[in-house]
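Quick one: structure below, then a few questions.
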Amino acid sequence: MIKECIENVRKNAPLVHNITNYVTVNDVANVLLACGGSPIMSDDLEDVEEITSICGGLNINIGTLNRNTIPSMFLAGKKANELGHKVLLDPVGAGASKLRTDTAVKLMKEIKFNAIRGNISEIKTLALGSGSTKGVDADVADAITEASLDNTVAFVKVFAKKAGGIIAVTGATDLVTDGDKCYVIRNGRSEMGKITGTGCQLSGMMTAFLAANPENELEAVAAAVCTMGLAGEIGWSNMQPSDGNATYRNRIIDAIYNMDGETLEKGARYEVR
Amino acid sequence: MIKECIENVRKNAPLVHNITNYVTVNDVANVLLACGGSPIMSDDLEDVEEITSICGGLNINIGTLNRNTIPSMFLAGKKANELGHKVLLDPVGAGASKLRTDTAVKLMKEIKFNAIRGNISEIKTLALGSGSTKGVDADVADAITEASLDNTVAFVKVFAKKAGGIIAVTGATDLVTDGDKCYVIRNGRSEMGKITGTGCQLSGMMTAFLAANPENELEAVAAAVCTMGLAGEIGWSNMQPSDGNATYRNRIIDAIYNMDGETLEKGARYEVR
Amino acid sequence: MIKECIENVRKNAPLVHNITNYVTVNDVANVLLACGGSPIMSDDLEDVEEITSICGGLNINIGTLNRNTIPSMFLAGKKANELGHKVLLDPVGAGASKLRTDTAVKLMKEIKFNAIRGNISEIKTLALGSGSTKGVDADVADAITEASLDNTVAFVKVFAKKAGGIIAVTGATDLVTDGDKCYVIRNGRSEMGKITGTGCQLSGMMTAFLAANPENELEAVAAAVCTMGLAGEIGWSNMQPSDGNATYRNRIIDAIYNMDGETLEKGARYEVR
């Protein structure tokens, strides 16, 4: 199934509308192209409804939210809901400021998200209404360990039921759940945290996977997470001694560009709980 | 002549003012530096007139247009016109939304553009007043084929006359015309479409070529198109098996950085119709 | 001491709040991660006070300033001052437009900056109230030569006293002074000028060095300058014949990622005047 998910992205080439931050936007666009999708960015209130209408998915990322783009997120989200498009929320920095937390919570109230992807601190903030996100990174105290895994899986399942969509928590161990089943994914490398925006990139790619696999949302999201993690492993294996995080960034996107269904199926490391 | 065009960019190091989208802006800046120009970005209404005054060219790209930057485009464009600077329009996504189409059309009415560069769907939209742009990519139905080439050349020539400037249509085959002569350019590789912003990069570089070759606008634009396409070919020849679109992006800019007049002259593949 | 400065960044992993331009922001984020810091970008008036509160340093860069972000710079700067955080100003393009010059001057009046980093034309503009910045690059007439070095050191020392913070002038030769001592640094390569944003990157990294070395501001700023310059030298030594400025950009960030205290101490080339 994981295999079919990426093959469907390459086959259907979904157009993804991104309202996202200006920090990692270029990498989001290139990852979308690498996986077989097609990106378009548009965040003006007058533009977003029409642009989202011609797309198959909408990726809302609050990384550099502002007074102009927040209303656009709501407008685009409602339009995408109306049209039955897949919509994803990346609540960057929820828990780090009231504006970020409130905006994410309000977006969740007014828009139906097919999936929400964040680090554990961001997801805890959304689930509990407050949190302690360390900037845009997860708080160390929140990190998922083998000891806390069972509890975290249970917690995320409950939140997914309440949210009415898929929750993807990414970090050293990734969790993807619809409330019933939970994929526990162990692809990836810790060095990915030394590149800005691997989370944002994943959210963009995840939206393409959702749009290209409309009937298999849970598997689509899990497949996107496996793709990113496996690309991190493959990219790392191509590193030379003098390479660092800038080259690693390119190596990961390159690995996604070259990823085929077989490689993904063989390299995906997950269990379902 | 092609050779002299790039040599003049390196000799004159034109400063180019860019009001452009936040998706590909970094690559636009690095391409401008690679070809021998110098970039400056400024989009605030209070800033653009003065900034454009110290430049030799102005590149207006509507990729992520918004209520704040649209008025800046008009103001900067009029100032640049007044000063006799070269001005270029990249109508990203014209045809994909009313805001984009209307803004591009209105810009064309109020500002004299020395050149307009877009994909065939965007150019058709501007010529016909409406279109079917697939997001920021050309509609497959619009693609220039050998069969449709004669008709498309004729169509673009008519539009160039009407627009009063050079029209550059880029895609698998590129057309550059001032209404009389039309360069049909066959450099480039299809894989360039898997990188975000090669069109935006070309528009930035084209503005530098125009500014550095004020008396030879048609050749300057054609030379910029050949430079980008040839860089795509050279960059591809430097790719390793595990490389993908992220590395390819860098390889293309690197190839522009290393391009000299001789290489360009020898590698440029075009005919004039 | 230079050695300890970078080691403290890796040990303390300071979170740096950046209100910066959208051209080079991604590289700024990746450089901050490369040197051991952690970046967060936020520029909305409602968001910046809270975000800066959880950080150790604030990097204000006016490269693409606008009516929305300028008030945020003042608000964040005042909050950071109140909390005793390290605050840095990068006056990109001061001298190139009234908005840029006035904003930089007004920021200096209302906010206490621990350090200001710019090219010689930008710094002259701030010191003298007007200037002749060539876009975002220094005017050739302003370039520091061995002949003008003594005068420039004296001039910058006076300005540092007046400004009440460290002044870092970067170019072929770099000067870092608190008004008493002046580091004259000779690391780096001229090819770094062919990459967009090495100055912005340095400003981001410098803020992390300041935050991680609160008691040794002068050495911290000098160490950041040496790190960037040495990374430029190491990065260049890893270049292949077909590489250009795009790959060089990555090589420099990679070199920072791999830089340890020993390498920096051995490679730093400076004298104190």
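In this document, chain identifiers A, B and C correspond to the written order of the chains, with residue numbering beginning at 1 in each.
Basically, a contact is a pair of C-beta atoms (placed from the backbone, for glycine too) under 8 Å apart; a residue touches a chain by one contact, two chains touch by 3 or more.
Because the structure is predicted, anything quoted here is derived from the model rather than measured.
Enquirer: Where chain A and chain C touch, do the two copies share over half of their residue numbers, giving same, or under half, giving different?
Expert: Because under half of the interface numbers appear in both copies, chain C and chain A meet with different residues.
Enquirer: Rounded to the nearest 5 degrees, what is the angle of the rotation that puts chain B onto chain C, matching CA atoms?
Expert: So the angle, rounded to a multiple of 5, is 120 degrees.
Enquirer: Could you put a whole-Å number on the gap between the CA centroids of chain A and chain C?
Expert: About 33 Å, centre to centre.
Enquirer: Spell out, as numbers or ranges, the residues of chain A touching 2 or more other chains.
Expert: 22, 26, 68, 249-250, in rising order.
Enquirer: Give the list of chain B residues in touch with chain A in this complex.
Expert: Touching chain A: residues 21-24, 26-27, 63-68, 93, 96-100, 134-137, 194-197, 242-247, 249-250 of chain B.
Enquirer: Using the touch definition up top, name the residues of chain A that touch chain B in the complex.
Expert: 15, 22, 25-26, 29-30, 33-34, 38-47, 50-51, 54-55, 68, 234, 238, 249-258
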